[in-house]
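The structure appears below as C-alpha cells.
Chain IDs A, B, C, D and E follow the sequence of writing; residue 1 opens each chain.
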Amino acid sequence: MNWAPAFLSNPERFMAFSRWAAPMFGVIAAILAAVGLYLGFTAPEDYQQGQTVRIMFIHVPAAYMASFVYVCLGGASFLSLIFRHALADAAAQAAAPLGAGFTLLALVTGALWGRPMWGAFWVWDARLTSVLVLFLLYVAYIALRASMDDEVKAARAGAILALVGAINLPIVHYSVDWWNTLHQGASVFKRGGSSLAPVFLQPLLIMALAYTSAFGSLWLVGIRGEVWRRRAEAAALRAARS
Amino acid sequence: MRRRATLFKRLGDSVIEQLLLRGCAIRRGGRLLFEGVDLSLRRGEACALTGPNGSGKTSLLRAVAGLVRLEAGEVAFGDLDSAEARGEGLHFVGHADGLKSSRTAREELAFWTRWGGGTDGAVREAAEALDLVRLLDLEVRRLSAGQRRRLALSRLLAAPRALWLLDEPLSPLDARWREGFGVLMARHLESGGMILAAVHDPLPVAAKSLEIIG
Amino acid sequence: MRRRATLFKRLGDSVIEQLLLRGCAIRRGGRLLFEGVDLSLRRGEACALTGPNGSGKTSLLRAVAGLVRLEAGEVAFGDLDSAEARGEGLHFVGHADGLKSSRTAREELAFWTRWGGGTDGAVREAAEALDLVRLLDLEVRRLSAGQRRRLALSRLLAAPRALWLLDEPLSPLDARWREGFGVLMARHLESGGMILAAVHDPLPVAAKSLEIIG
Amino acid sequence: MSRLSALLVRETALAWGRGGGPLVTVGFYAGVATLLPLAIGPEPERLAAIAPGAAWVALALASLLSLDRLFERDYEDGALDLLTLSPTPLELTCFLKCLGQWLATGAPLALAAPIAAIALGAKPDLAPLIFACALLGGLAFAFTGGIGAALSLGARRGGLLTAVIVLPLFVPPVIFGGGALDAFASGLPWSSGLALLGAYAAMSVAIGPLAMAAACRNALS
Amino acid sequence: MSRLSALLVRETALAWGRGGGPLVTVGFYAGVATLLPLAIGPEPERLAAIAPGAAWVALALASLLSLDRLFERDYEDGALDLLTLSPTPLELTCFLKCLGQWLATGAPLALAAPIAAIALGAKPDLAPLIFACALLGGLAFAFTGGIGAALSLGARRGGLLTAVIVLPLFVPPVIFGGGALDAFASGLPWSSGLALLGAYAAMSVAIGPLAMAAACRNALS
C-alpha cells in the first residue's frame, strides 16, 4: 500500500482517480449492502436473541468503522503533519465527520440493542465508554478546526490532536479484555477461528465490506469537495487582489 | 568605560557576524505583504526598518527571529546555523513585551536574564543602566508605560547578544530616555553589535535604512 | 465639509463647556506624584500634557475620567454634574485599548459605537475616516500596531463627544496617519471640542501645554 | 435601550466564545458527566442513585469553569474603564454581563442537564424538575460567581481564588436543588426546595450586581 | 542548568499564582468534595461507596480548572515568543511548564485527596492508594491537559474548547484510577489498574511535550 499515498499525492492525479473511483465504490457498496441485508434478514433467528440479532449486521460493522476511520484520520494527519501536504489534510478533514457519523451509528444501534439484551440503553462499561470518548474526540477535532480561521494552523492543530487521540484506539479495542464488561468479547476475529456460526458470519463480513466501500466513496467525495472549496477560495483571493 | 567593559563584554561563542536577508517575501492572511526584500547587516551596523502601518515591519522582524515563516527568500546569520543563531545570538523586543503584570519587575527581569544566559550581576547592572532600581519591587502592572518599556529593554543589556531586533523601541519613552537609549544603542554597535529596528521616527544612532513598501 | 457636518454634528445635551482642574494632586503606591496642578480648557482648545516617564500623566488623565481618586484638588466640567459629564461628555483612549483580540474589528467598532450612543451610520463614517473599511472583517489580533491604534481612535469619531482624553495617541501611527489624525483633531477643535492629550512629541495641532514635573 | 441591548449581545457573544457555543458547552457537560461513573464504577443502582446529584454538581462546576474570566479580560485590556465611563450605571452593566454569561452557557447547560441525568440512569419523570433546577441554579451560579470574579480582579492570586470565593456562595443553591431532586426521587414534597432555590436565585440577581459594581470600582481606582 | 531551573521556578510561581497557593488549592478541593454529598444526600453508605471516586473526579476537574491558562497568557503577552527564542528546545520548555503546573497544583491536590475521601467516609486504609493514584493521575492530567491548552491557542473559542479537547484524554486515567480504587475497596487485585495509570502517566509525560511544542510553534507562526 505504500505506493498509494505517493501516487495520490499529486492533486491532478488524485482528482482524475477519484472521479471514477468515488462512484465505483458507491456502486459496490450498494450491491454489497443489498446482498448483506438480504442474507442478514433471511438468516435464522438466534435461539437466544431472537429477531434482535439482526441489529448486529448494522452495529458491528459500524463499530468497526468507527475505529477504522480514526486510523485513516490519524494516517492522513500524520502525512499532513510531516509532509505539509494539502491533500492529506483535506483527507483528514473529510474523514472526521464521517467517523463521527459511524461512531454515532454504533452508539445508537448499540444502545437499541442493549435495551433488549442488557435491559438498559446504556451502561458505563469500558467499551461503551471508550467508544463515547472516540465520539467526543471526533467532536473535539471538528470543533478545534472550526474555531481556527487560518487554514494552515487549523490543519496542523487538528493533526496534532488526531495523533494524540490515537491513544484511545487500543483502549477501544482491548477494553473488553482489560475489564470484564457486559459487552461481548471478540468473537469474529479471534485466535483459533471465529466462534460465530457461518450463517451470521457471512452477512456480517459482507456488510463490513459494504460499509468500508461506502466510506471509501464518501471519503473521496468529501476530499474532492474540500479540494474544490480550496481552489475556489484561492481563485477568489486572486481575483480580489488583481 | 568600566560599565561598558562589563555590559558589552565578550558576546559568547554564538556571535552573529552578519545578518543577510535575500529576496524575502511574507504572506499574511492570504495577502503578500512584500517581496524581494534584501538586507545585509554587519557587526557595528544598525538599520532602521521603516514603512507605512501594515506594510509588514513587525512581520519581517518576526521572520528574522524565526517566529513567522517566509513565503520566499532566506535569512542567513553569517555562517552560523540559524537555529543556534536564533537561540543564542539575538534579542527580540516587540510590542507585546512578555512581562507578567502580576509579578514584580525584579522577578521578571531576573527570570529573563537567566533565560538569556545572564547572571545576577548582570541583572543589577541592567537595572542600573535603565534606572530601574527604584522600581524593581513594584508589580509590573503598576509601572507607567515608559517604565515598563524600559524594563523590557533592560533585557537587552542583561544578557549580551549580537543582534537586537526592536519593534518601535522608543515610542513610550520620554525625551531623556530616547537619548539615553540612543547612547546604549551606540555602545552596543561600538562593541560589535547589530541592530534592526522598526521605527516611525529616525533612530538616535547612525543607521542604514530599509523601507518596506506595502 | 459634508463629512464634517455629519461627524461633528451636535454634541448632544451633555456638552462640556469647560474643563477645570484646580490644585490637583495624585498619590500612587504611597508616593505623591504631583500636586497643585491647575488647568482650564475651553471649547476649541487643546492641551498637551507632557512630563517625564512616571510623572503621572496617565494617572492625571484617569483622574479626569474619574477612574482614579484625587488626593487633593478637584476636577470640574463647566456647570455639568461630573457623573453626567464623565458618562456622556468625554472619550478616553488609553494604552490599553479595550479591544478584544479574538473579535473582528467590525464587531468591536460597532459595539463601542453603540455603547457611546452612536448609530450604524456613524460606524461606517468613522471606519472611512480612519481608512479601516478594508480591515473591518479581520480579527483584532491580526491588525498591525498602527491599524489597531486607528481602530481604537475611530471610537472618537463614531460617537461625538466634547472632551477627548488621549494617552499617547500618535505613537504607533506612521507619518501619514500622524498628519491625518492631526486633521481630525483640528476638525474636532474647530467644531467646539476639547482635547487633553499626554504626549512625548508635540501635538500636530495648536495646543496649550501642561508640564507635570515628577 | 440600544446601548443596553448592544452590551447584552456583546457579552453573550464573548461568553459564547469563552464557552465555545452549544456544541462545546454540551460536549463539556457530557464529558464531565462521563467521568463520574467511570470513577465510581458502573453499577447501575449506585449510579442511578447519584445521577441527578451528579448532573447538578457538574452544572455548578461548568459554571465555575467559564466564570473566572468574566471580568478579568475586560480589566486587563482596558474595556472595563470604558464600560465604566457611560451613563449606564455600572450595576446595570454588571447585571447584563452576568445575564449574557447565563444566556450563553447557563441556558444550554440547563437543556443538557436532564439528558445527562437520564443517561446516568435517573428516572425520566425527573427531567422537568432537573431542567427547572438547572435553569434557576444556573442563574444563581452566574450572579454569585460574578461576585467572585469581580472580587479577585487585580488580586495577586486570580484564577482559583475566584473558585474559593465562589464555592461557599454556590453551596446553598446546590443544597436546595439537590434536596428538591432527592425529595422528588423519594416521593416526598419537593416544592419547598425549588422555592428556596428560586428565592436564592432571585436574591443573587438582585444583590450580585451591586457587589460586582463595587468590586470593579475598587479594582479600577 | 540554571536556565532550566529558573524556568521551573517561574512556572511554579506562576501556576501557584494562577492556582492561588496551597490554601486556595486545597480549599477548592474541599469545596468540590463538599458539594457532591450535598447534592447527593447524606446517607453514609451511599456516600462511602462513592467517596474515593468523587475525590478522584474532583482532582480531574480541579486540574482542568487551573489548566486553561497554562499557555494562553504567555501567548498573548509575547512571553511565548521569547521562550521559543532560546537554545533550550521548546519541548523541554513545555515539559518544565507542565512540571511547574504539577508541582504547584497537582502535588498539593494529591495530598488533599485522601483527606477529602476519608472525610466523605472512605475507609482509612484506602488512603495510600488514593494518594498514589492522585499523584500519578495529576501528572497525567497536567501533561495531557497541557496539550489541550496549547492546541486551543489562537482559536476563537479558548476556554471550554480546552476542556472539550482535554476531557477525552482525561477519561482513560480516570477509568484506570477509579478501577484500581474500586477493586481495592472490594478486596480484588488492584495493582493492574495502578500499573495502567502509571503507564498512561509515563506516556503523557513522554508524548505531551512533543505535542505541546508542535502546537505552540503552530500557533505562533
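One rule holds in what follows: a residue touches a chain if its C-beta (ideal position, glycine included) is under 8 Å from a C-beta of that chain, and two chains touch if they have at least 3 such contacts.
None of these values were measured; they are calculated from a predicted model.
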*What chain pair shows the greatest number of contacts?*
D-E
*Could you find the chain whose CA centre sits the greatest distance from that of subunit C?*
A
*Taking each chain's centre as the mean of its CA atoms, how far is subunit B from subunit D in angstrom?*
45
*What whole-Å value do you get for the distance between subunit A and subunit E if each is reduced to the mean of its CA atoms?*
31
*So what's the Cα centroid distance for subunit A and subunit B, whole Å?*
50
*So which stretches of subunit C touch two or more other chains?*
95, 102, 139
*Residues of subunit A touching at least two other chains*: 129, 133, 136, 139-140, 143, 147, 149-150
*Which residues of subunit E are in contact with two or more other chains?*
17, 76, 154, 156-158, 161, 164, 167-168, 171, 175, 179, 221
*Residues on subunit B engaged by subunit E in the complex (per definition of touch)*: 62, 65-69, 84, 86-88, 90, 92, 94-100, 102-103, 107, 110-112, 114-117
*asked:* Applying the document's contact rule, which stretches of subunit E touch subunit D when the two form their complex?
replied: 17-21, 24-25, 27-28, 31-32, 34-36, 38-41, 46, 49-50, 52-54, 56-57, 60-61, 64-66, 69, 156-161, 163-164, 167-168, 170-171, 174-175, 177-179, 181-182
_For a test of understanding, state which residues of subunit B touch subunit C in their complex under the given definition._
28-29, 51-54, 58, 95, 138, 142-147, 150, 167-168, 171-178, 200-201
*Quick one: which bits of subunit D touch subunit C in the complex? Just the residue numbers, please.*
2-3, 6-7, 9-10, 13-14, 17, 73-74, 76-88, 220-221
*Once bound in the complex, which stretches of subunit E touch subunit A?*
144, 147, 151-152, 154-157, 161, 164-165, 167-169, 171-172, 175, 179, 192, 196, 203, 207, 211, 214-215, 218-219, 221
